Amino acid sequence: MDPSQNANVTSVVEGELSLASATTSFEEPASVLRRLATDHKVAIVSTVVIVLFVLGAVFAPVLTPYQYDAINLSNRLAPPSLEHLFGTDEGGRDVLTRMLYGSRVSLVIGIVPTLLSVVLGTLIGMVAGYYGGKVDTAIMRVADIVMSFPTMLLAMVVMYTLGGGTTNVFLTMVLVGWSGVARVVRAETLKLKESEYVEAARIIGVRRARIILRHILPNCLPTIIVLFTLDIPSSILTESSLSFLGMGVQPPSASWGLMVSTGREFLYYAPWLCFAPCLAIMAIVLAFNYLGDGLRDVLDPHLQSQ
Amino acid sequence: MTHSTLEVSHLYTSFFTEHGEVRAVQDVSLAVGRGQVVGIVGESGCGKSMVARSVMGLVRKPGKIVSGRILLKGRELTSLSEQELCTIRGRDISMVFQEPMTSLNPTMRVGRQVQEVVTIHEDVPKQEARRRALEALGAVGIPEVEARYDAYPHELSGGLRQRVMIAMAMVMRPRLLIADEPTTALDATVETQIIALIKQLAETGTSVLIISHNLGVIAQLADYVYVMYAGRVVERASVLDLFDHPLHPYTRGLLGAVSSLRGQSKTLQTIPGVVPNLAHLPAGCSFAPRCDRCVARCASEQPELVTVGSGHEVRCHLAKGADAV
Amino acid sequence: MSETLLEVHGLTKDFPLDRRRCVHAVGGVTLAVDEGETLAIVGESGCGKSTLGRMLIGALPPTSGEVRFRGHTITGLKERDFAPYRRQLQLVFQDPYASLDPRMKVRDLIAEPLVTHKVCVTKDEVTQRVLGLMEAVGLPTDYLNRYPHQFSGGQRQRIGIARAIALDPALIVCDEPVSALDVSVQNQILNLLSELQERRGLTYVFISHDLSVVRHVSTRICVMFLGKVMEIGPTEEVFCEARHPYTQFLLDSVLPPDPHLRDRPMRLLSGEPPSPVDPPSGCCFRTRCPYATERCASREPELRREGSVRVACHRVAE
């Protein structure tokens, strides 16, 4: 099967009608949004949730009157009230405030290392796929080894040797993250390499680097975008897990994983300490997953007909 | 033609897409008599395959039969449930598709696939089903049937696969065989074999509805021909009438295009322009924008199908007889 | 007689299947293409005609044999040394849907060869050339900024042709250029191709399975079976008096669009196509040939001259 049949629109009618007007163009973001809105309402809801989280993170100081690290021992472990919507923690700090600030860490760690590993993985995957031969074998062996390592274990090794902290969390996640992306992009590149329009470009005399940039990359892009949105939640989870284990972000900085970790001790008499960040993690992870699914359906021409 | 095997009258099939209603089939009426081979010819997008799918009850969402009647031996098909249609498909009507590669299950031995058709429709012992499958495979000219019975589809050539498809279609001895571009994916030398086989089937009393874009196939096989353009039948005639006295400008254009390939002239005859978009059909005759004989009336008024000779109908304002209005 | 533009000698191509076996797609083809002619290569699927076509323009390296363009050997050249020939040898694809990058606008698609070979420097110059090419192939120039999916099959094929002629090549291999198109559009493209040939002095190698198209467009015809040339000669001569049994079968299988001819007896080819992995000994057509004798199994017939035609058949040689 050729990958480039995406132009062959409205395949519902199976070759009978090829409607030139039915623009399934994935080009314009507006049309992607429109198609998401008609067929994937959950994805739109997810987008709204994500946007709300981002806004919350950005405008945290405006949204809350409290400081995330302002200790108020007279008001320890207060249950949710109008004053403190999600209650306070063992230091009397407002949980909602800490969650808002914590979302900065979680979102940044969710997005930035994922972006880096997607960029890195895409480059490596395209080179491996297009050049093939020994280059390909070498790169893919390394990727296999990285992938065969349990992520958490590898992350823990890195954190133990290099110490905790945001930068090292970043590093670990990129170190592991690129391999999965590289695999998918390589497979996609192999497929596109055999496509007629890439052959057509070669016959015209277009050089390799340009073929990769002008023909392979743009046609991989939908896959890459989907991969990106689907990788973000796992990054958020990894960060949470690492922080939970005490190897990620260090107090008094706030991060959701850290909050769950400290809240765990008070699970019986102050459950809100654990539940609030847990719910936040769940919401954002689900939102990114649903958005990714929706985007995949809209952007992947092969799934369109089904 | 009192006892037609298949009678379709005023069939409308549409697709309801986000870009509005796409009228794939409009006001199509046709009849296939016993042992008759009826051809539908037209270019891609003219709705010819949709007619076949409508008859089979295989129109997929967002497509739907909007109105019209489909009678198989007098039995109305459009009102049947999916379950009832399943008992009819494969037993009373069968269909052969263009792609013999994708229409067979790659993980199942071909003999079993034919046998399965029998066991689905009739409660017969396995031995009997196998015997009938073997017989059907033999009847479509597959050599060394016993050995091929256990072959997987990929082990067979394209021609043999299409024969297996025809065997599957014919094993229940249906009254009507619908063949949708049955030879388009095949090589020329194989095409002639398959055409000879379909001819043979018709001689034994099976009615055949053959759909093709290839005028050669139609000329070789069909007794009656319907020419479709943009969802409508534009001309209907016996095969000799149609090829000898084409009346519709589109039919003439098609025949001219094909026969000019065989002529001496350096420049080939063409039909200018492109097929109209079915979502935005012109108000009048859908062929008007490409027609060299178009008059004012053609652009505004949809012509009716009128009879101009014995069994010869045409949908054109300029046809003789239509001018009397 | 006009000059030879392209010659190939003993061209073969094997595609490995696994460690032991391989598909013998093309097995020792020797032929020449003259300047300004249209050489048709016909045969059924799997006969190696597309593989041969790709090797002719250097898009696929042969397993053995050589291709000479205007006397220069072009096989085995490094990418940089091959670049000047790249401009001379172009291809028109069969599938106008798959051969155009769906994410590029028409202007960029047609400009790609010009930019790649630095034919034009400034942006204005490129646009002017692109517009000129669009006009030459009959595309409305206001479609400059459209994407391929907004065009019909015929128009897409015109884009493909515009790309092929952009570099003023000497030879274009047309690989089934009209078989994906409807009858009425097919003729438009064939007319365009012959018009371009006249105006630009192009030489075509026209690969097709459709014999009526081939008869119209070609001056010479080369019939292939299982990677080998069966018969090659002037088109009219081959059509009027086919010498090779395979050519005869092929010509007989053309379905005339004339119902008066339907009751003529059809000659059907018997047997199954032989496998290109394990071709028959001797003549590769012998397993399906009604005239095959022992000699056909033991010795491979050479292409032998019979008047203006060359045929590979023991029977004809007598």
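Lettered A, B and C in written order, each chain numbered from 1.
Following the convention adopted for this analysis, contacts are C-beta pairs under 8 Å (C-beta built on N, C-alpha and C of every residue); 3 or more make two chains touch, one makes a residue touch a chain.
Nothing here was measured: the structure is a model prediction, and the numbers come from that model.
Inter-chain contacts peak for the pair B-C, counting C-beta pairs in contact. Farthest from chain C, judged by the mean position of CA atoms in each chain, is A.
Centroids of chain B and chain C (each the mean of its C-alpha atoms) stand 32 Å apart. Distance from the chain A centre to the chain B centre is 50 Å, each centre being the mean of its Cα atoms. In chain B, the residues touching two or more other chains are 44.
Contact with two or more other chains is made by residues 18, 20 of chain A.
Within chain C, the positions touching two or more other chains are listed as 152-153.
Taken together, the chain C residues at the contact with chain B in this complex read 44-45, 152-155, 182-188, 190-191, 194, 209, 211-213, 215-216, 249-250, 252-262, 266, 268-269, 272-273. On the side of chain C, the complex with chain A involves touching residues 57, 59, 83, 86-87, 90-91, 93, 95, 97-104, 112-113, 116-117, 147-153, 160, 163, 167.
Residues 43-44, 157-160, 187-193, 195-196, 213-221, 239-240, 243, 253-255, 257-262, 266-272, 274-275 of chain B touch chain C in their complex.
Interface residues of chain A, counted against chain C in their complex, comprise 2, 4-9, 18, 20, 23-25, 27, 195-197, 199-207, 210, 214-215, 218-219.
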